[in-house]
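You will see subunit A twice below: alongside subunit B first, and alongside subunit C after that.
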Partner chain A sequence: MSEPDVGAYRRPDNLSELLTLLDRRPTSVLAGGTDLVVMRADGMVDRTQDIVDIKDVSDLRGISLDADGTLTIGAATSLQELAKTPVIPPNAITDGASLVGGWQTRARGTIGGNICRASPAADTLPGVLAADAQLELASTTGTRLVPGHAFFTGPGRTVRKPNELLTRIIVPASLGASAYLRFTYRLAMDLAVVGVAAHLDIKNGRCVAARVALSAAAATPVLAPDAADALVGTELDEPSIEAAAQLVLNTATPIDDGRGSRAHRRTVLPVLAKRAIGIALERAREGHRR
Partner chain B sequence: MTTHMTLRVNGSDHDIAVEPDTLLLDALRYECGLTSAKLGCGTGDCGACTVTVDGEAVNSCLMYVLECEGHSVETVEGVTASGIGAVVAEEFVKADAVQCGFCSPGIIMSTCALLARTEPGAATDEDIKEALAGNLCRCTGYLPILDAVRRASGAPR
Partner chain C sequence: MSAEESGPYLNVGNRLIRRDAAERLTGHTTYAEDIRLPGVLYGVLVPSLVAAGRLRGINVDRAVALDGVVKVLTAKDVTDRCYGNYVKDQPIFARDRVRFVGEPVAMVAATSLAIARRAAGLVEVDIEATTPVVDPREALTSAEVLVHDRDTNVIEDVHISRGDVDAVFDTAHAVVHTEIESHRAHQAYLEPRAVTAAPAPGGFSLIMSTQQPFGVRAQLAELFDLPTGTIEVRVPAIGGGFGGKLHLLFAPQAAAMTLATGRPVQIVCSRAEDMTTGNPRENSIVRMSSAVDESGRILARRCDVVLDAGAYAMDTPVLTSMAAFYATGPYRIDALDIRGRAVYTNTCPTGSFRGPSGPQMVYAAEAQIEDIAQQLGLDPAEVRRRNFIGEGDRGPTGELITLRGTTDECMRVVESRLQRWRQADVAPGDHRRRGYGLACAWWSTLGTPSAATVELHEDGTATLSSGGTEIGTGAISTALPSMVAEELGLRPDRVILKSGGTRDAPYDSGSRGSRTMFATGNAAVLAARAVAEQIRNEASRLLEVDPADLVLREGRVEVKGAPETGMTIAEVSASAHLHSGPVVATGRYRAELAPVEGSELQGARFLRLGEPTFHCHGVEIALDEETGRVDVLNFVAVHDVGRVVNPVGARGQVEGGVVQGIGYALTENLKTNDQGVIVNGNFHDYRLPTIADVPPNIETVFIETNHSHTGPFGAKGLGEPPVILPAAAIGSALRDVLGVQPYQLPLDADRVVLTIAERDSHPVPGPPGSTARPPEPEVEK
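Now for the complex of A and B:
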């Protein structure tokens, strides 16, 4: 028996043609390819599916800031562009983008790919959750917005339907600042053993809202509401941060695997949380608004 | 399904036959006869396959060649023929930054991309490490490579 043909390669230059192609039959969306090329070669993705390259649709790229402070990131924006953007000060999403792989990985890899691959250890996802971002999914029948915290359903799984494209990441204006940190054994080209993003909204020296999110600590990136709630109302002094950071363990359900044991992950998580909250606070004091 | 495309490499157009998922790396090696880019890991981890596309360093093992239609690819065969690329190659030799040489084409391409985006002498050690973190070398211990890149960065262009 001969092998079935591999799918065709297509590169439409406008969104409506792209969405029509996704609607017609099962397709593999190709953004930077830093995950997809390997997944197809490994048989994790069916090679008979057509490959639809989204990089020529210019609406899907770029970072823009509205007058009201809303930030919009095109799904096909490269991680390198995000890591180096002059549009916004450093924040949990750009921190995550700058940690992915090596220069070559970030030059090709996109934030949309990082989100749709939905690895529990992915580095931009805690930032997306901590920023309370909305993810816009488009298909030929319309668009819908899904909050980041409701997008991920398991390792590699999301609420996105096969005919839907992630088009934009919409981040609401913020009164404060954020940061993302991860623990790895090497400084580069390594995957998070665990990671923590923290976002703080501060008014008159007091924390008025907070979100803390974790990577590689559960089957999906997750919010840690107990830690966040413990920060609200405090002046973000050392003891309050220390106590709140410990509460990430109420949410974390890490596994034992090649990159770390469950016990090690639970030891590192509160330390990282404390540091991430500390960096977010420092940035807020410097006047960052992200 | 085999199709034909034009691949622009080192300023020349190559008319080549490709499958929908032929890798850029394989097209360079087997269709264009340019063997500087190497297959190390095939998963984006080692950087031995690094080339530039429109001046940006990329892993050619993670790209389909059809993604390059309408774009411009450079490899070591092209960039070291003259100009700053030739200086980079010379500094690598002078600094003993080449032992087995398997990593060298990729590292030289990452270096050329770095120098193209920085002013002469402006690349800091941090910039160099950021640019080369995706390129592994099993032989040199990296210090001679850092030396070579520092010197090439300082050279007039």
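Now for the complex of A and C:
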């Protein structure tokens, strides 16, 4: 009786061995497995590929804050740990982490997995873009940093090469605050119909820098520069926020699909933008920087 | 049977914990998939990937050549007889034509599931695709695209008429028109459909997740031209059905493979297969007009209902009659012109879902009440009150209502809750607007046939053998034995239940139509009463007392008024076994068919409520006007279902139904695209409500003062009604906030935003009655 070939399972305990395995042949990287296991079972991932499990490489986990305020998140850090972290106050990335799937998914799923899966609807990605984070890719030949907004090339596609591993998410120090909101039909266990992250830097009551990022509004998570630019220089009063929020539609190109209609997504995007900016502003005023 | 007993009862009305609760909760329950027979083959179906086309050829060579494949079947290998409840239109495998995406064209049986799946992918199916018809409106009128070899796609055409409707409409104070469209919903039971067929002498046996083993057996006997008794259907524990497991499902395919190979064959649907080849609740179009006087009294109604049957009729013909029947709602309307039609389309066949046609018909009838009230400037509750049907009135088909109508009593409870909620404070910072709404309905209790056997053993314990199927309500597993215990004067744990298939019990027409507690219960109670009589006769001989003076209570046979004179039931039973014979009886039940008078009925298959039940649901919603999101904050469900046999089970039925109804109203929507492909056949895109999406408190109230004349201990049916009202109540609450309500289901955020936009596109918010409403069309006659 002939069963199809399936790849081997490897679980190295150090990064250099891990990178060597990635270098050797096409490999599926397993972290939480919340997507990979299901996709392999459904035949959406080549089952002949080896599986390299990264959970035993302890360097890949954890959240730390440097003296200069730079935040580093290990790629294999679970979404649950990120959502509950005491290291930093609530922000767009942790907001997103706390919304992915259900409790079980968050306990197992990782930020690196969420990023490399590159779903346009992923909840942590707008936060990564809004925070202007750098994504560190490592291979046997070295490491490189890619800005979040340049990382995603299409649904499920990124600039990561098959022999590279996402190791760390590096978030620069900031004087501002951020927030992420999404629209779902259900209040739990749902996928974003659309989502918006907003990051604000405020000095003397005036917005000095802003980034707005969208999920499920295009083929990849995207920055919405028009909306962000419109915030800069304002005192973040209601009319300014409302007007800026409307400009997310200059960037958004949502589609009609089984999860929502294009028209409704376009209705909801500015509303979420307005509210996310409002929460970020409130957090900034309360001193919840990030 | 008469049931004017007033109690008090020792068991009936007590809170009973489901007998199967512990094994279910601890994961020890055995479902169809868990039973692996020795030598079993794994069956995988090869589906059509197109919605319509000519089947030019099927090449199975590559599949057959695969190591481990035992057999591949196509239409040419099996009988050309078709099956179906009312119209025999469905082949075991598509023959010459395919009619929906997912229709089985072939089946592989192999020694492992993985091999069977691979082999299924190697079957080459050559189909010349043709243009499908997926929209019921188009199907209704099209003469070019015909789903079957008939000159029309209309499969069922039903009329109910009474009185001079035209004359009333011509002279009425006002005519109000309401038109709604509804969507498909999947039953979404947790256990996907599963069946194992195995060879048996002269025929075959099945292990199947079904709500209706005797119906499956009868249809298979006909399909395979076998004596009924050569087929056995065994039903292990079922993980939910909700109407989705009434049909043959994939039993014909599994049986055909077993007959072809002489080996056991198991088919277990994947979730995707289950979601895309089931029989979901049908989408429909309901057009309704009422002629009213100035008080809001409805003098006449026209209604035209179109149900989308999908590619095969299944039980849609009777559902079409039900839809027509329920066009009046729980209101007395003396002049009626109701038409119900069902059309074929090249989509997944639709069929029964708990309360078939109920949610959309209640939505239409209640939206019509609100439209009438709005047009006349009246309170909608008052309009309802002026029209409620009651005792002595005749229903739409002319059935005399012999029970008190209690919809008003139900509604008064709901109104008191709505008033309380309106006065409650809203949390600071919560900017969502509140809406309050209610909906009323009535429903039937199906009185189709059942038999049950009760045997009292020498030790004074009893066995109840029922062909009824426990589908999660507790009616079979828990309520039936307690009712038998009540009749025999035993503790419930002294009555052992044997059920789960066709072998060990006489006929039962299945767990459906809110009938199980009522009709299966009646059969069990009749059997128990006959057994009690045998015991009294035996005791009468032993005690030298008139049997009429004996009562059975607390395990003893006692003389009325002199309880010290008596014997234990065990002693009497043992004596009977020695002297007069085993103590055993079979009860048989079929509800009497009451006369219907005064209506003209053409093609109507559903004529009677039997024992009518009355209902009102009330809801408080919070609406986020910017996103269209609706959250249900509070819910009250009031039901008159006669005597409540098991309060725990009854409350569970209501809460489950309300949640299912909220899902139907707000988030569940099985979507088919213009190519006939279901686009959300999985549990993340088909949005069942989670516990986070339903109100923390669903208050359940039973009006227990209107017992059935014919049900066991006065009980009526409860299974279906809780699911049919929530959408209408939420629609009413949306109107409370917005001044208008959507006329298209589901009431999801997208629809609510469109409804607000449509309302606002009318520049002047005019007087009542001029709100966004389709122009007055003629209801087709």
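Quick note on the criterion: the second predicted complex is superposed on the first by the 286 of 290 C-alpha atoms of A that agree within 3 Å, B and C clash if a C-alpha of one lies under 4 Å from a C-alpha of the other, contacts with A are read in each partner's own complex, and residues count from 1 in each chain.
The rule is short, and it goes like this: a contact is a pair of C-beta atoms (placed from the backbone, for glycine too) under 8 Å apart; a residue touches a chain by one contact, two chains touch by 3 or more.
Please read these numbers as outputs of a predicted model, since none were measured by experiment.
K.L.:
Where does A:103 make contact in the superposed view: on subunit B (first), on subunit C (second), on both, or on neither?
P.N.:
A:103: touches subunit B, not subunit C.
K.L.:
For A:268, using the defined touch cut-off, is the partner it touches subunit B, subunit C, both, or neither? Pick first, second, both or neither.
P.N.:
Only subunit C; A:268 stays clear of subunit B.
K.L.:
So in the superposed three-chain picture, is A:188 touching just subunit B, just subunit C, both, or none of them (first/second/both/neither)?
P.N.:
both
K.L.:
In the overlaid three-chain picture, which partner chain does A:260 touch, first (subunit B) or second (subunit C), both, or neither?
P.N.:
second
K.L.:
By the touch definition above, which subunit A residues appear in both interfaces, subunit B in one complex and subunit C in the other?
P.N.:
Residues 187-189 of subunit A touch both subunit B and subunit C.
K.L.:
Within the complex, which stretch of subunit A touches subunit B?
P.N.:
5-9, 11, 30, 33-34, 37-38, 40-41, 47, 51, 53, 55, 101-105, 107-108, 187-189
K.L.:
How about subunit C: which of its residues touch subunit A in the complex?
P.N.:
Those residues of subunit C that touch subunit A are 66-68, 111-112, 114-115, 118, 626-629, 631, 666-667, 671, 679-680, 684-685, 687, 689-693, 748-750, 753-754.
K.L.:
Which subunit A residues qualify as touching subunit C in the complex?
P.N.:
Residues 1-4, 183, 185-191, 257-261, 263-264, 267-268, 271-272.
K.L.:
Would you tell me which residues of subunit B are touching subunit A in their complex?
P.N.:
1, 19-21, 23, 42-45, 47, 50, 56-59, 61-64, 66-67, 69, 110, 113, 129-136
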